[in-house]
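Multiple structures follow.
Two complexes come next, and they have one chain in common, chain A, joined by chain B in the first and chain C in the second.
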Partner chain A sequence: MAHIPDGVLSVPVLVAGGVVTAAALGYALKTLDEDRLPRVAVLAALFFVASLISVAVGPTSVHLLLSGLMGLIIGWAAVPAVFVGLVMQAVFFGFGGITTLGVNTMNIALPGVLWAMLFAPLLVNATPRRAAWVGAAVAALSVATTAVMVALVLTLSDSSYTLSARIVLLSYGPLLVGEAVITGFACGFLARVSPEMLAARAMRRGGKIAASS
Partner chain B sequence: MLRRPDLSRMRGPALLAAALVLAAAGPASAHRLKVFASAIGTSIEGEAYFVGSGPAAGVDVTLRDGADKLLQSGKTGPDGKFALPASGTGDIVVTVDAEDGHVARFTVAGSELDPAPASPPAAAPVPVPAPDGSAPTVAAVVPPVPMADIEIAVARKIAPLAAQIDALQSALRIQDIVGGIGYIVGIFGLAAFVKSRRAARDRQP
Partner chain C sequence: MSGKASAAAIFAESRDVGPLAAIDARVRLAAAITFLALLAVLHTAPALVAALLSALAAAFFARLPLRSTLRRMTAVEGFLLFLLLTLPLTMPGHELFRVLGLPVSEEGVRRAIVIIVRVNAGVLMAAALLSTMGTMRLAGAMSGIGVPLRIAHLFQLTVRYVAVFHEEYARLRRAMRARGFRAGSNRHSWRSLGQLLGMLVLRSAERSERVAWAMRARGFAGSFPAFAQRRLERADRLCILFWPALLIALAWLEFS
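Right after this comes the complex of A and B.
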């Protein structure tokens, strides 16, 4: 699933994924504020560990991605966080692969970043209950988008993967629910204990005054 | 209030991370398809599994030769095991594909295979049945067991060992996980250090 190993994808797909990830990484690192680095590090570590724990579902096995949560809390910095996590997993455990780092980072990180960006305005001054629902929605949409991207990438590489795309989509169903529940609880919790963590990005876009109030 | 210390703002994810690390400390499971196979006589037997989360049941298995020509194909059983006939002298690549982007390969060396499976050893002497308990003969007459049978028996015996070694090598170890987290902390620490130096230099003039 999300960790596509070496030798599955065609070269154009690998190159395209690499270019997208490199661009996203560049943008994320340029805009990354050093005060937020510790938070990015914690979420990178969280992703690294969470996506090691997997559960067998039918003929395959799935694990958490937490991309929605990362997108909500650290925005574009989710891209380097996922990238570093994937590098570590590839080096230590052989999950995924080195050549597929670009595609995998793109598939996992980008949906979270984009959906979170879209939903961020809803989190300003949100009650914990609303934050939880928004978090769950972002997580579910991110997982679904990742599933579609994985299926698309596989199909683009080899048209005989059309059938497998169905399996991918089926196995992502339980993951979608699990991820939505976990991210929902996490966002509800954050909205209660430190709401500025969730809304920081939306406020910053609103202007300096909002950010420093 | 302008900025609160970062530590308090990180409380949420830190707690989550701690909980997940604890959860992982038990039977650490993982996400990677693996296949192990060995040649036993004229067949290739092996098993496919997800590292950590058990056998890969009902996934496609194919045997291909060096030139990528399809020799045999089948599916794994409910326990992830498979056995396919194979022969020849070249290396054989065993590929399992869970059809969702999980693919694993394993190469069985041609030297392990029985070179000529189709023709049964015509001149092979029929093994004399081992003397039962009633025969008081000292093991002076060793029944001539065909070399091929011995090889198959030995291959059967050592296959689980080889599979175990292979599985151990790819097992998730808690020290590796902790090491990975350490690397992540280090990388971001380094990034913070570089960024703060740059910021300090910008501020000075």
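Right after this comes the complex of A and C.
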């Protein structure tokens, strides 16, 4: 849904998206030392595979973005994870584009990272029920923010895109529901099984990421 | 897009055939990026037609399979469809005819055609130059044209684990099916899928721990040996000479 192809957006918007993504990537990669590179790769692969799961929501079905869950579990590393995922999508499936990598990464990854950072304190020692609600909230807010950003990017590119930008905004409804529900259940499950995984604490340097101890 | 086909698409290492295969991966990546960047500013009919023709030529020289390429081109995102349908109705301008009482403007139709041509030229060129080279060569090409080494390595490692998790996911789904699970739009399905996702996260975290330790045990200290780049050969030099000429020609058609 959020994969804008090459050839739709205007140059200033493409450049701005590229600059924002480059800055976020630079910041995320600076903290990515020898310990974390393979971990981020493994989790990036997981989120790529998980986004192939299709979830039925009412009469439609959606593919998840999982940006909220990524933000909660790997924090800023979600930016390179999404970037790499989008490169794979663009090169191997033809979804999205090369020049739009910056804009698309910004639209998908940043909301997840920022909302997860905001809500992370609520996950400390959370009960599974609370973790589920927090996860659902982060997922819903991330998708809503992504939708608004996609609409904004389209509108800024060309004022005649306004109507279709509004339709895009509406079309995110099912995704928002599916994403919130599934992320909620996943977070509840993780809080029950491996509570230390949530809130990106596990990705600290030298920190254990898994329950395996 | 079925999951199986998509995973296969990633792991078909180097399906390079045809004349384009002789060209170095770095040169192809740089060519694709410069073409797509220029494409973003093209508006006029002659320039767009020339761009589409050169993309078609590249697709021909890359010997892209017809069916999957067509599927790729028709798989436009939903919003693009909306965009193309609404543009003729919403852009003000000379009225061509009316649909359901709404005026269809010439400018809108023209803009919609511009977008269709641009998007398809981009998809074709990217497919021709990049899709068949294989992930490891693409990672090498990335580092070869100045993409930070960490991103190239992350890309390389990620691709490798996509296959692993795809198998894991398929196994878990098979286990669910064996217990009579059918995904629907209800609480039980969502709960099961949420737990499936949670389980995948957990297993991947455990695996990432093992991978990190295994790599350390083999002396990994943050970087791999640099990618080996081959020397540029005749085909590469020809491409390096030809490509700027193509780009300048397109820019000339656009701006003259």
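In the analysis below, the second predicted complex is superposed on the first by the 174 of 213 C-alpha atoms of A that agree within 3 Å, B and C clash if a C-alpha of one lies under 4 Å from a C-alpha of the other, contacts with A are read in each partner's own complex, and residues count from 1 in each chain.
Methods note: contacts are C-beta pairs under 8 Å (C-beta built on N, C-alpha and C of every residue); 3 or more make two chains touch, one makes a residue touch a chain.
As the structure is a prediction and not an experimental result, all values here were calculated from the model.
In the superposition on chain A, contact of A:Leu156 is made with neither chain B nor chain C. In the superposition on chain A, A:Val124 makes contact with neither chain B nor chain C.
By the touch criterion defined above, A:Gly7 reaches both chain B and chain C.
Residue contacts after overlaying the shared chain place A:Leu114 against neither chain B nor chain C.
By the touch criterion stated above, A:Ser51 is placed in contact with chain B alone, chain C being left untouched. Of the two partners chain B and chain C, it is C that touches the larger number of chain A residues.
Applying the stated contact rule after C-alpha superposition, one finds that A:Val20 touches neither chain B nor chain C.
By the touch criterion defined above, A:Val84 lies against chain B and chain C together after alignment on the C-alpha atoms of chain A.
In the superposition on chain A, A:Phe189 makes contact with both chain B and chain C. 1, 3-5, 7-8, 32, 34-35, 37-46, 48-50, 52-56, 59, 73, 84-85, 88, 92-95, 150, 154, 161, 163-164, 167-168, 171, 186, 189-190, 193-194, 197, 212 are the residues of chain A that lie in the contact sets of both chain B and chain C, per the superposition on chain A.
Those residues of chain A that touch chain C in the complex are listed here as 1, 3-11, 14, 25, 29, 32-46, 48-50, 52-59, 66, 69, 73, 80-81, 83-85, 87-88, 90-95, 97-99, 150, 154, 160-164, 167-168, 171, 178, 181-190, 193-194, 197, 202, 208-212.
Chain C contributes residues 1, 3, 6, 9-10, 32-33, 36-37, 39-41, 72-73, 75-80, 82-83, 85-87, 89-91, 108, 111, 115, 118-119, 121-123, 126-127, 130-131, 135, 138, 148, 150-151, 153-155, 157-162, 164-166, 168-169, 183-185, 189-191, 193-202, 204-209, 211-212, 215-216, 220-223 to its touches with chain A in the complex. Contact residues on chain A toward chain B in their complex (touch as defined above): 1, 3-5, 7-8, 32, 34-35, 37-46, 48-56, 59-63, 73, 84-85, 88-89, 92-95, 150, 154, 161, 163-164, 167-168, 171, 186, 189-190, 193-194, 196-197, 212.
Residues of chain B that touch chain A in their complex: 2-4, 6-14, 16-17, 20-21, 23-24, 28-33, 50-54, 56-59, 97-105, 170, 172, 176-177, 179-181, 183-185, 187-189, 191-192, 195-196, 199.
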